[in-house]
Amino acid sequence: MQRIGVFICWCGSNIAATVDVKKVAAAALNEPGVVFSADYQYMCSASGQGLVKDAIREKGLTGVVVCSCSPRMHEATFRKAAESCGLNPYMVEIANIREHCSWIHKDVAEGTEKAVILMRAAVAKVNLNQSLVAGKSDVVKRALVIGGGIAGIQTALDIAEAGYEVDIVEKKPTIGGKMAQLDKTFPTLDCSACILTPKMVDAAAHDKIKIYSYSEVESVSGFVGNFTAKIRKKARFVKEDLCTGCGLCTEKCPSRKTPNEFNEGMNTRSAIYIPFAQAVPKYAVIDPAACLHFKTGKCGLCERTCDAKAVDYNQKDETIERKYGAIVVATGYNVIKLDNFGEYGYTENPDVITSLELERIMNAAGPTGGALLRPSDKTHPQKIVFVQCVGSRGQRPCDKPYCSKICCMYTAKHAMLIREKYPDTEVYVFYIDVRTPGKNFEEFYRRAVEQYGVHYVKGQVGKVAENAGKLRVYGSDLLMNEQIVIDADLVVLAAAIEPDESAKKIATMLTTGIDTNNFLTEAHPKLRPVESATAGIFLSGVCQGPKDIPETVSQASAAAVKVIGLLAKDQITCNPCVARSDELLCNGCSSCEKVCPYGAITYIDKEVNDHGKREVRRIASVNEAVCQGCGACTVACPSGAMDLKGFTNKQIMAEVDAICR
Amino acid sequence: MLKIKKSNLDKLYAAISERQILYVPCNVAGKPNFAVWGEGADVDLVSLKTVKSAKEVFFPQCEDIASFRKEGKNISVKSEHKESGDFVVFGVRACDCKSFDILDSVFLADPVDTFYKTKREHGTVITLACSKPEETCFCSAFGIDNAEPEGDIATYFAGEYLYWSPKTEKGLNLTKTLNSLLQTATDKDNDALEKEQKKIKEITGRLPLYVLDLSYWEADDLLEKFNSEKWKALSESCIGCGACTFVCPTCQCYDVRDFDKGHGVQRYRCWDSCMYKDFTMMAHGTPRPTQMQRFRQRFMHKLVYHPSNHEGVFSCVGCGRCVEKCPMHINIVKVIKTFGGDDK
Amino acid sequence: MDLSEQAENIKRISGVDTKKCLRCGKCTASCPNYEDMEYHPHQFVYFIENGYLDRLLKSDAAFRCMTCFACVERCPRDVKPAKLIEAVRLTLVRQKDSNRLKPYDIIENLNADLPQQAIVSAMRKYTK
Amino acid sequence: MSVEHESFKPTIVAFCCNWCSYAGADLAGSGRMQYPANVKIIKVPCSCRVNPTFVLRAFQRGADGVIMCGCHPGDCHYSTGNYYTRRRMTMLFDFLDFLGIERGRTRVEWVSAAEGARFASVMNDFVKNVTELGPNRKITDLRTKPEHKEGE
Amino acid sequence: MQKVAEIAQKRAIQLLNQGVVNRVIGWKKGEFGYDETPAVFTTAAGIEDFRYDVFSAPNLSKYLIDESKKEGKILAFLKPCDTYSFNQLIKEHRVNRDNVYIIGIECGGMADINTIRNRGAAGVTDVADNGQTVIAHTLYGDVTFDKNEVLLEKCQACKGKKHVIFDELIVVNPQDDEPKNRFAGVEAIENMTPEERFAFWREQLSKCIRCNACRNVCPACSCLQCVFDNPRSGVASKASPDTFEEQLYHIIRAFHVAGRCTDCGECSRVCPQDIPLHLLNRKFIKDMNAFYGEYKAGEDSETRPPLVNFSKDDAEPSVISDKGGDK
């Protein structure tokens, strides 16, 4: 039997005006287990808490009920107070007689009656409370960042700056991601590389950051504070410790026909290559699919050329295992494939390009050295048509239902840059809506229209067809209510962006949520935007949803803060109100496992002793560090083997009983 | 011997009900069970067997025995025992009537079950001869005459009439109150009745279970029976439900349970079944952890333990309800035959 | 049936949810018979959605649609303007209880640029 | 409505999830939004913690109405909890209807932490409906009634 | 049917003799020709008593929970509906598939002795199956019935003649696989007024004697300890001193098996009071089909049951009141 103390707070007149606190205190003494009751003006004050503490010590209380404001306000306060004098904090329950009673009722009799009932329910619950001890688990003081784009780099830098180790795993040979491919950034028009590459160098140089480029995460196990990841380092065929990144090999390489990924395939690279001049880490890598040595066994020119003796044709993939306390997913995005958009003729016409391709064309390090030349005949285009919302906001199978968010702004940027550099060029932008919610965004767009004379046409393009060396663009001008036809030299498609294909695999690996568009789901859309629903897994950048660079960077830093907050702890205190499986009742049906959003339940074969009968049974086992205590499993379990500590079936039923009594 | 026209039975029920409660087999949702008679009740004296036996009238499935009342922090206890009012149970078959003797031997032996006793004292049993015995009946094996049932009053259907024969003082007292409805039977009636009884006997003689050799069970070799290998195969298909025990007229085990009403506690007893895993559950667990052990308990009790404690009387009246109701068709007949029959 | 009921009816028989329209105009941009039509596919959607059905019913635009389905094919929101136009056409045909196209008029209307398929489907549709 | 209904004050049990609805109820309180005192809230971590047994238990013990409140679908603190609630309670409540228990005695509402006013109006509406239905006689345990005294 | 039984018997002996299995679970003859009992046969000689006819209704799947954990392989004869139960048990990891050799056995529908009795045949001492008709030999003469009229409820609402899991099949006369409308009974109750529905169920459930036969026979009720037997669950009870307890027991049981119930109909078959319990389970099946898409528990051993699954655009619980009727 418990020895329960009931403490009724007046909250000044907030409670006392509508609830006869003395009456509640007197009624409490009639409840089973209650040995003491008291009322006080401000129970949360130091002296109010003192009252509670004294009673715990003097009356030997084993449970405490505080009838006061919402537990969301002061549950923690009173639990702490109880703990300070040796009572398990989970033996304290709050009856909310302010927000749920005194504030919403005017009649004192009514308010008092309800307060008594709420008190009773809390007492009934405490009678069944058990001391709960929060589990603790050690935190590995190292974070893993999956993806080395601007999101991953920023997160890693921020974590490293706080003094924790970070590993970046990037599947490409260099970090930098999409931002490295961009020419200029909106709305400031500063050079993308100029702001990104210093960060890349910082990351590489940071003693707390380790970059695993050309590597992929194969599997992750464990839980918050204690993950184990297997990372596969793909064979580069170049020894990283020896390669100086001089690039001589890439010049000598006789196989030069491979489309250059970095330039979106608009020019070619050698079989041994360095993705771009500012690559980090700057090591050459051999593409075995293109390399003559791998194809024919001959050649070996690079090996001979390399003074550092870095080339190693026999290198194998290597898998390493590392422990982490936290994981940040920053897998980024890709431009969607345009194979199914026949109307724009992207696959047939070299002069129909994506915006990302245009970025490369405009870039000084790009395939044309920065000159705006159309791909087919390398002439300067006189008329350029930009098409917005290609594959975004649609409902066809090839479309994405969401807005890709960045296209309006980068198209304005492109249009503006072209008009500035080549004032003789006519630029048309077909748009459905122009969306510019961002600092200085609308001003930027207006400048494109007003200052640079870009023709914005409200309407969509229906068809692009090759016509006498030009591209005939059929579009509609809805404001004119006309179909217009433009013979353009170049058509630029603002193709939708989608999460990188690795996101889905990684989400499954990390048991974190993913939405129908394969964007990873945040724990709460408003309040926990950079956390995933799985503890210890954080989201950074476009893997969570379309974002521009400033948003990505701020989210990256936010994710870093969450990671730092986690890694700063030596141990994590787990929520003790977690599910618990009664191994004698569990029949191994797996229903609970199916509803657990965190993958906290696993099934194990265990020998149990059922009243002397020993047998191996398949039973559910809850990882308390992973369980967040939602209770979904408890209802899925037909045998009642699964219960939730702190909110057990019997406790809740006791509350129900007390209320309905 | 008295008689009443079948078509006047409703009047008879009403007349009995005027003075005391009348239990009679009634159809509710398509199933006959003993129920308190009231105007418009669907009385069913045709169906041979009620689902639950007549024992329910004296030993209800649930019965309050005490209550605890909470006032502040004080608890007061009150017995729920009260004297029963007079009542009549009508339409009891010979086998069910015999089962009362078996229940008596348990409940009325020291210590006396006062709840049961008061009902037995105040209850008048009107039996009814079985006009149409069925294949599952084997009352004859226990020396029960289904054509000539016992009870305070025995009744018989023949032709247009129900014949009425008071057998005890209780029976005579009740009969007196019904004089206006009952006529005296003539010689012709007696002939008709005799003919009817003869017919019943003839059919009974043809029942497939008419001959059931119980001699094996009379032998005093408890341990041999207990340790027999045959239990395993017999019990294999038992699903451990309590259908047999709850329809059985002689099963008398009950559990005492408490129900928290919120403002007090109700202590009640309710039928229990030795087929259940938690039967006689104790702190260390159940004494009979396997279904075979529980199965064996039931039949050892009926055929060995009870007779050895009660002058050789088996705790079975051959009503055949278990034969009919077992979902898997396992029953006492199979047990009797397996041990004492051809398989031996 | 008043106009709004008629508009509802057109939506019902066509199965088109005009509210899904994004107002991008891609249907009209795609329309190969744009020149010939007084009202264009996007206007069909817009007019029916917003209560200007009378204009469509007074016009012969519905009969100018070649039902090539380019608009249906291209529409990013799967609105299916051609189905809506078809429903308007049906409404008109039923209303007037007469065929819009007489077989002997077809020759006259034949246009060398018209795709063969469109002629055949027009025959099938409008001469019933 | 009969006289009985006018004086009848139903007992209502409201299960509220800690993250949205309980906070919504707090907000209703902070905003001094009135709703009947008959509503008694039980806090659960998530609406998916509510076992059908609890709902039946409430009716057994004399509740006249049971309402479940959770985060709006998609906003669950535990990401998926209320999706399960939605299925379970749809099934349970339709089943109770199948047994002839009045539909109006059960309800599921999604109330976010910001919807204090909605919480109050939902409760007002629910209490009104249950009051109109009158006392719960169909799915309750007579033994728990105050009038069920010893020996009766 | 007789031919099927003969083949089955021969095959069982063969498999025993070949050592493929060391036990056989099937049905054994009873006292009256209508009371077949599930039985485990261990010897070829014992299989003499094997019976398979219109009274081989008991679903053997649940026995396999225990049997499949024993040493050696067991041969099980499963009727089409029994195979659903078995699949569902695989899904719930309750049986060891590797230890069971399944012969899917043809089923033309099982007869119900209670219906035969209710239709006026008292004192049935034997029953003969003549294909289209069954003849009840009784103490009071023979009574002939059209077989379709005396089928068990579960067979009248047969969900199909396809075996969903088996190692081999014994099907001599392929049966019409036209699934019947299982939901007519549920619909009839849905169409009642709430008061009628309530009265119907109150009367039906008032008969319940809590013998637990429905639960114990149910292949979905495979908990090691039922909440109603567990004193620590807070809802344990043995009998129903109040009508509420009857409701609670049957509601919770139906809810616990919802999405897992294969509609094998055993609950209704075994109820000594003939409570139409299948209607409770079928109501859930019907609702789940309507709200969450067609789902047949036990059709395979992988798909997630509807109640441990969800979709983001599921119907809101308000659909119940939107369906019409009172609020």
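The first chain written gets the first letter, and so on, giving A, B, C, D and E; residue counts start at 1 in each chain.
Following the convention adopted for this analysis, contacts are C-beta pairs under 8 Å (C-beta built on N, C-alpha and C of every residue); 3 or more make two chains touch, one makes a residue touch a chain.
Note that the structure is a prediction, hence the values are computed from the model and not measured.
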item	value
Joint neighbours of subunit D and subunit C, given as chain labels	A
Remotest chain, subunit C as reference, centres from CA atoms	B
A-C or D-E, whichever has more C-beta pairs in contact	D-E
Between subunit A and subunit B, centroid-to-centroid distance (C-alpha), Å	70
Mean-CA-position distance for subunit E and subunit C (Å)	57
Centre distance in Å when subunit B and subunit C are each reduced to the mean of their C-alpha atoms	82
Chain centre separation in whole Å, for subunit D relative to subunit B (CA means)	45
Junction residues of subunit E, two or more chains touched	225, 227, 234, 241, 307-309, 312
Where subunit C touches two or more other chains, by residue	none
Interface hub residues of subunit D, defined as touching at least two other chains	52-53, 57, 61-62, 74, 80, 84, 88, 143-144
Chain-to-chain touches, reported pairwise for every pair that qualifies	A-B, A-C, A-D, A-E, B-D, B-E, D-E
Residues on subunit B engaged by subunit A in the complex (per definition of touch)	72-73, 260, 262-263, 284-286, 289
Subunit D partner contacts - residues on subunit B that touch it in the complex	67, 69, 78, 80, 82, 259, 261-264, 266
Interface residues, subunit D side, partner subunit E - complex	52-53, 56-57, 59-60, 73-74, 80, 83-84, 86-104, 107-108, 129, 138-143
List of subunit C residues in touch with subunit A within their complex	20, 22-31, 34, 40, 42-43, 70, 73-78
Residue ranges of subunit D touching subunit A (in the complex, touch as defined)	11, 13, 22-23, 25-30, 32-35, 37, 40-46, 48-54, 57-58, 61-63, 74-75, 77-81, 84, 88, 120, 144
